Amino acid sequence: MARVVVDVMPKQEILDPQGQAVANALPRQGFEGISEVRQGKRFELEVDDGVDDDTLARIAENFLANPVIEDWAVRRVES
Amino acid sequence: MSAAGARIGVITFPGSLDDGDARRAVRRAGASDVALWHGDADLHGVDAVIVPGGFSYGDYLRCGAIAKFAPVMTEVVRAAGQGMPVLGVCNGFQVLCEAGLLPGVLTRNSGLHYVCRDQWLRVDNNTSTWTTRYEPGAELLIPIKHGEGRYVAEEPVLDRLEGDGRVLFRYVDGNPNGSRRDIAGITDERGRVAGLMPHPEHAVDPLTGPTDDGLGMFLSALDTLVAA
Amino acid sequence: MTDPTREAATQDPATPNGAEPVDSVEQAARTPELDQPYRELGLADDEYERIREILGRRPTEAELAMYSVMWSEHCSYKSSKTHLKYFGETTTDEMRAKMLAGIGENAGVVDIGDGWAVTFKVESHNHPSYVEPYQGAATGVGGIVRDIMAMGARPVAVADPLRFGPADADDTRRVLPGVVEGVGGYGNCLGLPNIGGEVVFDESYARNPLVNAMCVGVLKSDELQLAHATGAGNKVILFGSRTGLDGIGGVSVLASETFSGDETGSGRKKLPSVQVGDPFTEKVLIECCLELYGSDLVVGVQDLGGAGLSCATSELAAAGDGGMRIDLDTVPLRAEGMNPAEILSSESQERMCAIVRPEDVDSFMAVCRKWDVTATVIGEVTDEEHLRIDWRGECVVDVPPRTVADEGPIYQRPVRRPAEQDLIAADDANTLSRPATAAELRETVLRMAASPNLCSREWVTGQYDHYVRGNTVLAQPSDGGVLRVDEETGRGIAVATDCNARYTRLDPYEGARLALAEAYRNVAVTGSKPVAVTNCLNFGSAEDPGVMWQFQQSVRGLADAAAELGIPVTGGNVSFYNQTGGDPILPTPVAGVLGVIDDVTARIPTGIGAAPGESLLLLGD
Amino acid sequence: MARVVVDVMPKQEILDPQGQAVANALPRQGFEGISEVRQGKRFELEVDDGVDDDTLARIAENFLANPVIEDWAVRRVES
């Protein structure tokens, strides 16, 4: 068993209204100095050892992310 | 105080949607409605406050998470502490939870879809400011319309809510969102601050809603204000 | 809080080191022979020649971008214009009596009495919804809502006629949930009740789903806004979202092919042509616009949709009485290093453009500040005849605006009735076997009730808020949606959209008449009186003579039926090229009908059995 | 300027219907061997150097996460 993290973030050039809303709200709460926020998704998967990197990439590309508007990254972590 | 002398404020955040409907419901109940603005740290002397439905600030981070920092909310929290009746409907319920006036949090519907439908509720508590007009056990038909209405709180909190009779309404005839213990609405310790996912302001006239079952909530609060 | 004035002042032109040379008008005059990628931008040889003729030189990059989008099928109606004229020709003065704005405006407007007017329109967002179902559908709703706002109206409801491939096809499983969530996600967040629509499945829509979105708006009849830039010295204000790189699509060939030249430099080739919607910003924009209109701070207004600033500036100027000057450096950008062609072509959502008297600019900005809407003066109306756009001190666009906005090419595409049409007509339904026994009849009825095209639509409509605003008197599953407009008098309106495209395939003329008749009936049975028609004409390739025949016949059918019923067609939308390979979709001319009801308490709900002892009558034959 | 990542995940004991839906859908797509999926959020912030860890923790705890249902973690990354 391994733990795999898949990060999915909106592409740089794509509008990210969620991140923008967070960025706009921070100064109102007295938090200064944060110039940009982007909000994406984080998936944590419990994966059998037999599942190879290629499969994980396909899962990320075809399923967890929408490659038209999102970038993704897969990494195995200590669980 | 006369009914018409009772002034009930309705907050408008950027992204509020049911503020006009809440004000209409207040008028229909016979009270005067007062528009309150999110950026204005002033309740303008109202006797009660409604935090209406909608998508305050787009609800982008978590529903209600950004609205709780609005200047007007500081005043609402202060006034609630002094016993002012406050009602949060749908997004308003989410805001009150985020602001700490009510326990728990509203999360993504278990079906993962936004749900708009007419929903049966059972009245569990008719002693809160907002529910005195109902018979305990009465069933009401009121619209729900939300994507994040699954009420979640830690087990001891849920036990305490039930033990203290602070569950106002429960879903019957199907739980639409996976809320713990079918909870649709709750109140605070004093029974003055209430929050619910269903929309009583959309059930005040059978022409535009399924019933007028929701009117009782506004009339209940008005009774308290008039008696005071 | 965004301070819009400061915003404009601090906007940093950010000239990167070694900035790309700007292709200015001067430069264009100096380099007449430069090879330009006009074909990649969708312009034909003769269209490009025509642009050179108009300008008396080659166009600059920015001008080329502008003409190419504005002369595209989508913006110029070059294949359909010649047919659409028929709507005007068949509309009599009597039919026109209640029409305050018609074909050619952002949306048609009809007087409904008591000083109220209603505007309504349908638009397609078919291809984007296939590429990215959620965002495609969401921004489709966003776009039509801004059209309605541009008329000075408050948007009050939406409806969504949808077409998908077979219900059990894999691709439908990808597209349908995304589209429904997108329509709901955007409309629900705007607080617009969804009061109607259609869900139809057919093989021909596989890979060519149709996502049509209707919006209805209400205004006082003396509050109509027009999209024109009048009054030299008046300011041009861009307000709403910042302009970014998304939704630029084809124009990125300019950046990659002629600007940077080297393959590594640009990295722009894969610009997403998809836009992401921000319904919250649009909701705030609606309230902001209504406050601006209510305070009489706007001389003219235009929404930014397809073709972005190219479209808004050229259309405003073309409809005005002079020219316009724009300083592109002032446009608030979301991305770094955008060039003029990209800024002009960006389809970033949730933006509007207003013409404002100089003395009103401060008040305009104050309203925008209240709603936290970014607003920037980007230019002014001039008494010159040209639209002139500057960038970093150089003129990059200098064109007669009408040549961009109104005088695009018009095609007389070949029209031919396909030979197979006779075969289709000969294949008579009367030859099909009928259920002969009670058991067979039962089986047939059950099969029909369970079929995707007839079963309950609740999975779809249950994701749409139809209560918000508290004026919905009838919505799904009623035949037509009914809304209260005036709470005092109970005056209201009804809408329905319909099209049976299988009928239209059999006979495009009769099919279109039937589509209108059905929408008309669906409005009538709510107790409302039909008063106006809009449409969304979804067809295959305009270059297929058979498709053009279907189109021509459908337009005639719709127009003739409207004339027969005595209600005008006040607007519409055309979507061609809905086909994959050689197979076009079924011809799908969706008809939308608007009705008026004097008192909504008299509305008639759909369904029987509300009271015991009702009689069932069959009308017609 | 530093880039800060804030991961926000639903608490273990809280039902995560989104993650569950992903987990259920994977075998249908022919991906076997993934036993559990949890879906959370990932924020990327561009932060002035003056913003200290304590401030970042407060932003995460009071704003980006709702501690009733979510855990969070903040880390600075190379940008």
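To keep things simple, chains are lettered A, B, C and D as they appear, and every chain counts its residues starting from 1.
In this section, a contact is a pair of C-beta atoms (placed from the backbone, for glycine too) under 8 Å apart; a residue touches a chain by one contact, two chains touch by 3 or more.
Small disclaimer: the values here were computed from a predicted structure and weren't measured.
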Between B-D and A-B, the pair with more C-beta contacts: B-D
Computed distance of Cα centres, subunit C from subunit B, in Å: 37
CA centroid of subunit B to CA centroid of subunit D, Å: 30
Inter-chain centre distance, subunit A versus subunit C - centres from mean C-alpha coordinates, in Å: 33
Overlap residues in subunit C, where contacts from two or more other chains coincide: 278, 280-281
Where subunit D touches two or more other chains at once, by residue number: 63-64
Subunit B residues counted as touching two or more neighbouring chains: 57-58, 60-61
Pairwise chain contacts under the document criterion: A-B, A-C, A-D, B-C, B-D
Footprint of subunit A on subunit B - complex, ascending: 57-58, 60-61, 66, 69
Footprint of subunit B on subunit C - complex, ascending: 181, 184-185, 188-191, 278-281, 283-284, 287, 371-372, 461-473, 484, 600-601
Sites on subunit C touched by subunit A in the complex: 131-132, 135, 241, 244-246, 271-272, 274-278, 280-281, 334-335, 348-349
Subunit D - residues contacting subunit A, complex: 1, 7-9, 19, 22, 25-26, 29, 31-48, 50-51, 55, 58-59, 62-64
Touching residues on subunit A, where the partner in the complex is subunit C: 10-11, 13-17, 20-21, 66, 68-69
